[in-house]
Amino acid sequence: MRALITVMLCAFASIGHADRIFVSNERGNTVTVIDGTSWEVLTEFNAGQRPRGIIVSPDGTKLYVCASDDNIVRVFDTTTLEELHTLPSGPDPELFVLDPSGRRLYVANEDDNLVTVVDTQTHEVLAEVPVGVEPEGMAVSPDGRFVVNTSETTNMAHFIDTQTNVIRYNALVDQRPRYADYSPDGTRLYVTAEIGGTVSVFDIAEDGSPTPAGKITFDVPGVQQEWLQPVGGLVTGDGKWLFVALGPSNRVAAVNTQTLKVEKYILVGERVWQLAFTSDEEYLLTTNGNTNDITVIDVDKQEALRSIQVGQQPWGVAVAYGLN
Amino acid sequence: MKTALKLDHVSFDYGQKAALKDVSFSVADGTFCALLGPNGAGKSTLFSLLSRLRIPAKGQIDISGRSLLQDPMHGLAGMGIVFQQPTLDLDTTVRQNLIYFAGLHGLRGVDAHHSITRALTRMRMSERADEKVRLLNGGHRRRMEIARALVHNPRILLLDEPTVGLDAQSRKDITDHVHDLVAEGLAVLWATHLVDEIGDHDQVVLLHEGRIIADGPAQTLRGEDRLLDWYLHRTHAENVMP
Amino acid sequence: MRRCVHILTAAVLVVTATAATAVEVKLGMVRVDYPTLRPISRLDETPSDSGFSGAQLAVQDNATTGQFLGQTYRLDTRNTMPENALEVVRKLTSQGVRIIALSARPADLLAVADAQTDTLFLNVSASATHLRAGDCRGNVLHITPSNAMRADAVAQFASVKRWKRWFLVHGSNDVDRVMADEYRRSAIKFGLDIADEREILDTGGARRADTGHVAVQRQIPVLVQNPSRHDVVIAADASDVFAPYLPFHLWDPRPTMGASGLRPVSFNPATEAWGGTQFQSRFEKLANRYVTEADYDAWLGLRAVGEAVVRTGSNDPQVLRDFMLSDAFELAAFKGQPVTFRDWNGQMRQPILLFDGRINASVSPQEGFLHQTSPLDTLGLDRPESPCTAFEGDP
Amino acid sequence: MNHYLTAFQVIGMRELRRFFTQRGRFLSALVRPLVWLLIFATGFRAALGVSIIAPYQTYITYETYILPGLCAMILLFNGMQSSLSLVYDREVGPMRLLLTAPLPRWWLLFSKLTASVLVGCLQVYAFLAVAVLFGVKLSLAGYVLILPALIGVGLMLGALGLLLSSVIRQLENFATVMNFVIFPVFFLSSALYPLWRMRESSELLFYVCSWNPFTYAVELVRFSAYATSAPVQMAIVAGSGVVFFLLANHLYDPARR
């Protein structure tokens, strides 16, 4: 069966070069694979216990999945979907980032207040960096010099120097920071605070130090303020737009990064969690945890186009560009 | 002379209440027939039957020799009707009102235009063709409605108390106009309760409590009396008689 | 005062690990232990570290955060007999501990709070509504939800389920009758109807015996015999005398809420949503047992203080209290939305979990209950209802 | 046959002319759905959106959901208003003039009905145009494809109005009709809430709604607006429209009175 699927997928691979989309289903213990052109679900495969964080290596060949309840990171081949190996992650890994070279993986361990640094080639733990209570969000600066971790109960963003694996800066943000993302030129950092209901914006200096540059707030008529909970966030390649997933308010906000004002709220499924772009940033994908689907958003028009059913409780989404 | 309109033993009732009882009379071409009677005599019911808004319970109605019941389209095409209440679109011009009506009778384009011009000329309303109806006085509005009833060139003209609410001069003008039409060969059935609208040579059909109690030329019916005295006497006498 | 707080907040927004001002925060927890009968169910036995472990976890969490800001925390925990409560508190304050989480019954709580007006107390166990109303004190913040909040949480759920006719069964002790009054008030507030009522007499004595269910199976149905038509049974049994038996010994089979069946609680060991799993595993690692409401309330109180310290950079109880009561304060509490304080009576606003013993069946406030400031204020004493004056004239 | 078309044409022109001169009627036809769209839709708890149901491909805001229902509501009001005027004005006024035209009564009724449906469609498009200003819009194809659906639905509702007015003599004024016809027909349909939502609150309500032809009218408009075929809805709308009209025409036969 597995072989058949592989053959099928390879057949797909040979006809086009669209994106292949991977969605981790937290409750379903699977990863759903979707064709980025036809939006058909190609297959769904087992990815260990409670898969959450999911990323594709910079070269597009490997898929990393945090199997939170297995306390490991599973690594799959993006073409054959075979499991290649696992990586140590520390306990209860949720979110992680790869440095731009794809060589080092930084994993947030929620239970142990640690960020674990793993070598993707030797599969060894290089370091464990103590951070605040309940580390969650992870971001890496475009030049790879800093890794940012947000701790949910400490309410801080910790800037870890990747040379020394020591925290260099700390910045207080609002309640329960969930996610961080650098602008592509590395001069800005955005940190979402789920319970605080805000996104903190920092200007990043040459030396990587943050200066508060403002806060983004949200307001949807008719929606209780309490439901506007920023979770995942993503900046466009030109740095002009920041998309923020607003959890239980079922909306993605499109924020103008010049004015730090929300220009549009796009309705998606329930409990929208994480975001990813398809190639050339044509589409934005959202995982909707409570409605078990992902929504495809036209990035230029900022309009939701369609929603696709995936597995149970989709959590994260990653895209392998030009694979299908 | 040919019979334009003929009622034969026509009866009608609204449930328990009889409105018309065994009504028979006829009107010939070129005749002005006054359907005379006090309010509630059944005049309006009779007009409803003639304009086919209602169907008689018993009896026959012939228009130009053909049954209205069996061939209603023929009957309605040959009739021009002026209703008691105005049926005008006030915010449009006289001509637009007439174009609408012409259309209902299948006239369009140049044909409609000619028919409308002719009808307005007959009622001496040509110069008012492009005025808004709202701006016309009561008398002109009525003349316009009569003109409209003539657009499709009918053989019979039915008018249900057409002078209600008009001043004396307008009433006289309209009554005279319609008498002129009769001279052109049209049959006219004119419902009224006002005897001064009736000439001595006109046919009078006296309707009282749903029955016809007199039918003949006004001159003959009144004898030596004034028509008004005769009318009051007959309708009053009938009231007291069993 | 408010303005000053904001300036402080801005000042500490970005801190490097080296350049932080050192602040030492001394926290205390005093637990008054009362002689009580053992609970009906041995699963409800109170652990000896009840509340203390929650307080410890809070201080650990505060300290982890504090390390990046140069803030250190110290916790002193004391348990005491009621008669020594005041003395124990005095001893702590004399050692400079002026922020104390207090687990005591209303009378002792008031006595201690009135004797130590320069100390900030966090009420982490007493639910009595009068402590938030006529008996409120300016130096007491209430972490534990009031009985009014709990009753309203139940009433909102019943209202959503359209269980409009209530059969109220309450105990015979004062606390039970007061609780029954809470439900009566709540029923009126949400337009529900108390179709019938029964009082079950507390005859005293041990609650557990070897005869167990056999005797109960005969007694309870008789006590609740032939009730008027009702949709749900509401148990008001603050003394833990009969409620756990109620669900399966009713005359008419109906769901039970209140003291058994679906219970309104501030927290429980089954809560995993809103990041709760992390809290549970941190707590279990620390205490080697499941969390209780007492632990959560203690944790929440001292975490609120820690958050105020982080945002103000101060360890002054007055500054911290004022900040906690201000609009600037908010705290994530594993309940899906920020918790804050009501500035008219010092009660913490928070969702109430409706727990069936294994899972959370629902959470109040329920969807559709609207409020002009916060839906959380549909639970308990709202500003216009509050007779409390101790907080007036605050910034 | 030419006569028929001529009459049809002048009846239509007259309705249109009246529509453009009667600004009050036009405005109220526009304000009613806009109130729903702008005030109720944003204030209600459905602010969290409506889950995917055919013909939508993703989640939609409540405003988007009720748009087709409001279009159908315009046609409902319009249809009831013009059908009732047809009845009440039968004895007097312009209607009498119309009914004395030498054409079969069914054709006159049909022409009048169609003319008022065209006016209803104009009202719908005016409403849709205003809705765009508030950010609630359809695709270009939707605006085109919606027209046949609107006409079909309008005819069906007009025929329903005719039928009701000839069956129930107590419908004396428009307020009664609002209370006893328009509101139940509108509220007990999928116009404001999807059927699954109705089912959540009451099974009975759900069945009532699924037997309400207006539900299918709303759904036909909805599917057409999203360029999705809806054969079942189309059949029900057409079928009930024809049945209503035949029954109404039968009851209108002057020979019956």
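By letter and in written order, the chains are A, B, C and D; residue numbering begins at 1 in each of them.
FYI, a residue touches a chain if its C-beta (ideal position, glycine included) is under 8 Å from a C-beta of that chain, and two chains touch if they have at least 3 such contacts.
These numbers come from a predicted model, not from an experiment.
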Open item on the list: By that same contact rule, can you tell me which chains touch chain B and chain C alike?
Closed with: none
TODO: Tally the contacting C-beta pairs at the B-D interface and at the A-D interface, and name the larger one.
DONE: B-D
Open item on the list: So, comparing C-alpha centroids, which chain is the farthest one from chain B?
Closed with: C
Open item on the list: Going by C-alpha centres, which chain would you call the most central?
Closed with: D
TODO: Could you grab the centroid distance between chain A and chain B? Build each centroid from C-alpha atoms only and quote it in angstrom.
DONE: 87
Task: Centre-to-centre distance between chain D and chain C (centres being mean Cα positions), rounded to whole Å - done: 55
Task: Where chain B and chain D are represented by their mean Cα positions, the distance between them in whole Å - done: 40
Open item on the list: Suppose each chain is reduced to the average of its Cα coordinates; what separation in Å results between chain A and chain D?
Closed with: 48
Open item on the list: By the touch rule stated above, which residues of chain D touch at least two different other chains?
Closed with: 45
Task: chain A, residues touching no fewer than two other chains - done: 248
Open item on the list: Two or more other chains touching the same residue: where does that happen in chain C?
Closed with: none
TODO: Counting only chain pairs that touch, give me the topology of the graph as line, ring, star, complete or other.
DONE: line
TODO: Please give all chain pairs that are in touch with each other.
DONE: A-C, A-D, B-D
Task: Residues of chain C defined as touching chain A within the complex - done: 12-17, 61, 64-65, 68-69, 275, 278, 281-282, 285, 303, 307, 310-311, 330-332, 336-338, 374-375
Task: Residues of chain D touching chain B in the complex - done: 2-3, 6-7, 9-11, 13-14, 17-18, 21, 90-94, 96-104, 254-255, 257
Task: Residue numbers on chain B that touch chain D, as the complex places them - done: 51-55, 72-77, 79, 81, 83, 85, 87-89, 91-92, 96, 99-108
Open item on the list: Please output the residues of chain D touching chain A within their complex, sorted ascending.
Closed with: 42-45, 47-49, 51-52, 57-61
Task: Complex contacts: residues of chain A adjacent to chain D - done: 220-223, 227, 248-251, 267-270, 288, 291, 293, 295-296, 304-307
